Amino acid sequence: MALALTSSAHGTVVEEPLAADQFNQGLTLLGSKKYPQKEQAVRLLLASKDPRTQTILQMLLDGQLYRQKKTNAVVFMQKAEDGATHVAPLLVDGEINRSYAGLLAVKKRSVKRVGLNNALRKQIKQGLATLGLAAEDPANRAAAIEALIGELTPETNGLLVERLALETDDDVRELITIALAVDNLNKESTDLAADIAVLADSLQPTARNALVSFADATENPELKQQAEKALARIDQKVKYSGFAETLFFGLSLGSVLVLAAIGLAITFGVMGVINMAHGELIMLGAYTTYVVQLLMPNHIGLSILVAIPAAFIVSGVVGIAIERFVIRFLYGRPLETLLATFGLSLILQQAVRSVFSPLNRSVATPDWMSGSLMINPVLSLTLNRLYIVLFCLIVFALLFALLRYTRLGLQVRAVSQNRAMARAMGVRSSRVDALTFGLGSGVAGVAGVALSQLTNVGPNLGQAYIIDSFMVVVFGGVGNLWGTLVAGLSLGVANKIMEPMAGAVLAKILVLVFIILFIQKRPKGLFPQKGRSAED
Amino acid sequence: MNMTDAFYEYGRRDQVFEFLKPVQSPMLDVAKGYILYLEDISVSFDGFKAINDLNLYIKEGELRCIIGPNGAGKTTMMDIITGKTRPDSGSAWFGQSINLLNMSEPEIAQAGIGRKFQKPTVFEQLSVFSNLELSMSGAKGVFATLTARLTGEQKDQIDQVLAQIGLLDQRWLDAGSLSHGQKQWLEIGMLLMQNPKLLLVDEPVAGMTHQEMDRTGELLTSLAGQHSIVLVEHDMDFVRSLAKQVTVLHQGSVLAEGSMEQVQQDPRVVEVYLGE
Amino acid sequence: MLSIKGLNQFYGQSHTLWDLDLEVIEGACTCLMGRNGVGKTTLLQCIMGLLPVKSGSIEFNGAPIEKLISEKRAPMGIGYVPQGRQIFPLLTVEENLQVGLPARPDRSNKIPEFIFELFPVLAEMMNRRGGDLSGGQQQQLAIGRALAIDPKLLILDEPTEGIQPNVVAEIGDIIRRLNEEIGLTVLLVEQKLPFARKVADNFCILDRGRQVATGEMTALDDTLIKRYLTV
Amino acid sequence: MSVQSQNVFNRATVVFLGTLFVVAVLVPVLNMLVSPDSSFHLNTYTVTLLGKYLTYALLAVAVDLVWGYLGILSLGHGAFFALGGYAMGMYLMRQIGDRGVYGHPLLPDFMVFLDWQELPWYWLGFDQFWFAALMIVLVPGSLAFAFGWLAFRSRVTGVYLSIMTQALTFALLLAFFRNEMGFGGNNGLTDFKELLGFNLQSDGTRIGLFLCSALALGLGYLACRFIIASKLGRVSMAVRDAESRTRFIGFKVEYIKLAVFTFSAVLAGIAGALYVPQVGIINPSEFSPLNSIELVVWVAIGGRATLYGAVIGAILVNYAKSYLTVAMPEVWLFALGALFVVVTLFLPNGLVGLFNNLKRKQKATAEEANA
Amino acid sequence: AKKEDTIKVGVLHSLSGTMAISETTLKDTMLMLIEEQNKKGGVLGKKLEAVVVDPASNWPLFAEKARELIQKHEVSAVFGCWTSVSRKSVLPVFEELDNLLFYPVQYEGEESSKNVFYTGAAPNQQAIPAVDYLMNDLGVKRWVLAGTDYVYPRTTNKILEAYLKAKGVDAKDITINYTPFGHSDWQSIVADIKKFGSTGKKTAVVSTINGDANVPFYKELANQGISAEDIPVVAFSVGEEELSGIDTAPLVGHLAAWNYFMSVEADENDDFIEAWQAFVGSDKRVTNDPMEAHYIGFNMWIKAIEKAGTADPAAVREAMIGISVPNLTGGYSAMMPNHHITKPVLIGEIQDDGQFETVWQTSGLVPGDAWSDFLEGSKSIAADWQAPLMCGNYNVKTAKCSGQNY
């Protein structure tokens, strides 16, 4: 067994004690600094079949166990209000200490968490998985079985066969069948043709691997052919999944581009302000997410939802301030907005460095956004990306409606086309400007919330997106929201289609070259402003 | 010619390399007496037919007035002649030999078609003088303009035009600070400097007083003969005072043609355009 | 209704309007005349607040407005048809007409029907971009747009420029009708004498930024015309 | 716009060239003849710094030519600068010969290191100065020509053109980062030893480079003046103000733009070539779009469409950077950012505008006093 | 202060621009070390004075600032640089003006300058031991070498590739991937890694991904469901500081190889952490490997000054070799003749509190190798700054010293 090998490689292994002492000895060994001992400890705990084992291993996995450096005793640790560190014994009267009875103040660096390494973690998880075969939630059972596929021992094989008889959930049944089939193939036993047929319908990588090695190894030409046919069939399906995956990657990259650009499509596309501080407004949105999480550390799941309006307001207010104190004086001098906002972007970056430090800030991903939506074993859509695609579409739809169907939208466009005349028609241009700029900035902030889930929240966040944002807006056609959407999504997809062929860098270069050439054909972007006025 | 001569020819100081010379348009050929042929021209924008099977012929030296309701397609027609708009179908020839549809705007301009725009467009940040200087006929290549120096003669010519358009005092003013009417005059001046064979004049007297109108009229009449002129105007007094051949455009094609008197009588023209 | 006293205006260093006085009588149609470049458009832009004035007063219905920001003037009931049309080129005809609606005293957000009666072509072109219209169509749109805010005073800067004769006549009629039927006060800049004579009650002549003559239209005689309107 | 500007040697030009000349004479004198203990002594560090500013100034002049006079807001001029710099860098690399760390007679260190067996074809010839000099002009020039040929012919204008120039420099940035390209990847080219046989670390070479930069700036400035004062200059301004109208009076706008744009790119390339030996490194970050944007900012700070404004802007901003990064290393970006904002808000025509305003006011008061 | 009163120390770390994120901390570290030294009375009876400049992540500016520090401010040594390109940019300046640079970051090697002291790890002090660990202890058979496209990852990967092949790894079991700086969209690459790792052979990622690109990389790994038990990632550029900006939950179990972890149990380390947290006024701030490198470098410099009896760079340079000072992992680090130092190598697994759990460690100190033994071109090159060799680039075969600028 692999585990035994690794542990013995490290030297002295304590003699296996009698079952009664296994639990206690295991617990003691857990406090050791050395990994072979800890592995031994876990093995002992599992072997003891003690009811407390599961809880303790789970706590170990969750990092809730500490050891005192001096005594190597496994203890609880708790931080008091004043920052002082307290410890309590793990077992009180043989029961796991839930009340933290007997807390004792100690020096901060005198306790240390019981460390885990991957081998240990795997060992614990597999142990728990075996315990988890009978778990109540089918998803948990499925996870337990997946952890076992390809690694069946005669013992677990037996467990699975037992389980199959009891199992009611179809997905879990299927998994068990596959696990058993893989095991059979590896052993070259019994009814191989049936096993191959089972695996041919599965997209599990382990199933495919089993088939591959089987096809390589088998001497039976019939079975070999059968296995190869099954493989071809799997590969075909994998290929389609690959297409779908690439498309999804492209759309999700595209929606990030759209989100980053869409605020700019308003401030730059509609108002004509070359806003170099756009990226920093995105950055402020991301930092807002961080602050919101700081303020509600126990509600990370909710924090993102709170952060969206908060970021909109923060970036929007900053945007309005920028408009009121700077941009306002520059209407009619659009190129100079570039200059001033470039200055502002430097100031905002440095301000963030001063306030939040130059280091990146950590923004947590809420549970409901982590993980992925499994379509099949080779195609799963990551949830955070999926939400971001949806989010992008929602933001787009809202903005589009706002500009198209509201009075403010009409006034914004009127002011941007002929400020003096709009004023003469009674449009309060300064209010419209402030609101519009605030809107564009607010949307940038919202984009920041989305980006905080994907990338660094740091002072350089904005700079990474400003170039792309301008590119998307211009490629789509300035002043056309549809253009921004289509441009962003298509650039994303184009990038992702080329990436596997050319590599990430070359793909990006090719996309840029493509844009440059494309603009020759359509000098005003994908969706140009049409009509006479646009001509001269 | 022997080699040395050829070489000498090539290197002459007063000579430029062939490829540096401005592209000469094929000789304007007006042997048949017509300078402009528009045949079966149609153009539409987003499905809206602005010009519809238009046929129009302009004689050399003629002053032709084009009238017609707003939106009849007069300006669009000029756009087609000057290369700004490409028609969907039809042909447009300058003389017998120059196919306008194959040429770019500057080529057309250099071939000898000048235009005054309906909405006066001048180079707002250049002085009135420079506006005229740039419009002046002559070589317009990169190298030619880099080395061009104004001769005394050319300066006189500019002064003369300045006097003609009444902007002598404003010669060093930025054109952008001229009033609307002054810009109209400046555009006319730019047209004069260009000295084209065919002048397309879109509503030159809009925003002018009656007297200025008369002066413009005189100017145009004096130019006719040497030059061919196509004039678009809504001011009937002005058109009448020129007393020339009139074409009425309606919905993108010719509705009536003839002298002003004849056209005035046409009930269709009265209905769609002149009114009672 | 509109009363201007001692108005001075500068473009940078150059003094364009000099101690200018102008009285627009309520319910009447006043025509502002003068050669090219004497400052007519400049004066109208001062009234609309689009240019800053150096000194002098502008009163509308007794209230001083010279210090007011531009966008406050439309809601007071001043409609403006600028020289050069100034259509919003990328808005549709309909949207062009809607822009001013919030300035209407009744706050209605419907374009008044009579505008389409006056200019049927606008109804036809409802969904086209304003900038695509022909020059004359744009001019009609500009007038319609000014009327859409239901003004008490209508200011028109060379409204007939580039408009076909029958529509010019019609515009004349419309101005008269609005003037007579609903008592709309009109301030008009016009170069064409016949038209001016037809629609205006009063005239006011500018020369080099100064007001040089004013009176009833009937008093506009050849000497004045020769002196101030010919070149 | 006045008659003045039609004269190549207008007042501003004379003053500018005069000042440049004085600086060019004074700096070496103060460096070499004045004793190091004197407070008038300029150390070599400052000379090189000044030389660098001058190359930046030339670059700014090139930008001003296309932006101020032709109306093309190029957000990619840094690319031409960098290409000129790379051409020079390649020459300098080849000059290292077998003195590199791996001692390879032909290949630069980074190629040895990446296991390249032979010199890529595009490195051939760069051991000759004349060839490198030609490339310094040709490479940025041809790129500008090719790019302009495409863009101007299809009438890509305004922000579309600006963003395309940005895309161009961005694409080059990514490309030059790639080690496969054979230009040293992120590290770029460095560790130069000599130029035309002169040791790059010697003070004499430094002064020589400074003088070359001054000369290049003077000549570049004059050439731009010559263009601006010619009819071509006025056509450019016409294109800037009303491009399509220019066509209708018979100018082939695309050729005008192409010529001026290409010339400007060549100037930028020369500036880059002079920059590299003075700073001792050329690497892809010179292609960074933000660098190019900053260039435009220099011009705007100084005053657009004046040429000498561009020079003033470039020198001022870069001096401010040099000074502030030492004087207030933690907060200098606030100062620089604020400078940009304040200049835009209060000096619509840049520093030059401020200067002219003051002069005009002075004149006005003088006239009043006379009256 | 008058010149004679103080010994000036240049601090050349970016405080703005892309690298500020990493370098600002090192500037603060230097300020702390200098302050502490001054509390102890300075050195040779003189106080130390820090001259801080901001080269703003701009490589030519690094050279300019280096020159300014040396020529204008007359510093006795400079502590600075992070990226290799910034070091390459300043290198000629230090050699020309014969001053000293202490470079605290792990780097690609292939260099030994008379004027630079390399206190970070050379590849043999980080990469090779990490791969050994993966191969021997975790049984890794398939390798993804993922890096940012610049010289440090390229060199490291080249060395590793040669090393792996020498160990009998098949070429098709190695895949190498380069991405640009700040790469943020890792979807396709992570999907590829997943596929590469799904063949049943144990797979690991050796990451030389730099700086900002790491966060989106790890996030994508987690989201695509790749855990450290499936495909562990061992990184050479992710330390405590970087982790403090990442939501570490999904990273738990991934590895890093360094010469120091904040979690190391040693008294020097406890003192250092305490001093640092007091200095920056926050007990949340972490320490990391380059900080330790500066700690070592600074103490060596002080000791060398004392040994030389002067702060004059040339004299100190000579005194440096052989100096040995305590490092923070409970041992001593010594300056070797090739201007690199001896260090222990530690491998740690990321824990969810952003700290590393040391899971493996070299038994002794590993001396830094300036010229890799696994590269064709540099096998036969040696560096020795002692007489008689006095060369950073000595070809043992041809017995020639090349590429020197002094």
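All chains are identified by letter, namely A, B, C, D and E, in their written order; residue positions are counted from 1 within each chain.
The working rule: a contact is a pair of C-beta atoms (placed from the backbone, for glycine too) under 8 Å apart; a residue touches a chain by one contact, two chains touch by 3 or more.
None of the values given here were measured: they were computed from a predicted structure.
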For chain B and chain C, the touch-path distance in steps comes out at 1
Walk from chain C over to chain D along touching chains and report the minimum step count.
2
Maximum distance between Cα centroids and chain D occurs for chain C
If you tally C-beta contacts across A-E and across B-D, the winner is A-E
When you average C-alpha coordinates per chain, which one falls nearest the overall C-alpha average? Tell me, please.
D
Distance-wise, how many Å sit between the C-alpha centres of chain A and chain D, to the nearest whole number?
44
Can you give the whole-Å distance between the Cα centres of chain A and chain C?
62
Expressed in whole Å, how far the mean CA point of chain D lies from that of chain E is 36
Among all residues of chain C, which ones touch two or more of the remaining chains?
132
Indicate the residues of chain B shared as contacts by at least two other chains.
45, 84, 121
Note: chain E residues in touch with at least two other chains are 15-16, 149, 178, 180
Where on chain D does chain B make contact in their complex?
1-3, 227, 230-232, 234-235, 237-238, 240-242, 244-253, 255-256, 259
Inside the complex, what are the residues of chain D that reach chain E?
43-45, 48-49, 52, 98-103, 109-110, 112-115, 174, 177-179, 185-188, 190-193, 201, 279-281, 283, 285, 321-322, 325-326, 329-330, 332-333
Listed in rising order, the residues of chain E that touch chain A in the complex are 15-18, 20-21, 24-25, 137-139, 149, 177-180, 182-185, 187-189, 191-192, 198-200, 212, 215-216, 219-220, 222-225, 228-229, 232, 241-242, 244-250, 253, 263, 265, 270, 283, 349, 351-353, 357-359
Okay, in this complex, where on chain A does chain E touch?
2, 6, 35, 63, 69, 83, 109, 112-113, 115-119, 121-122, 125, 150, 205-206, 208-209, 212-213, 245-246, 249, 252-253, 256, 349-350, 353, 357-365, 370-372, 380, 382-385, 453-460, 463-464, 495-496, 499-500, 503-505, 508
Within their complex, state which residues of chain E touch chain D.
15-16, 51-56, 58-61, 63-65, 67-68, 71-72, 83-85, 88-89, 91-93, 96, 110-111, 149-151, 154-155, 178, 180-181, 375-378, 381, 393, 395, 398, 400, 402-403, 405
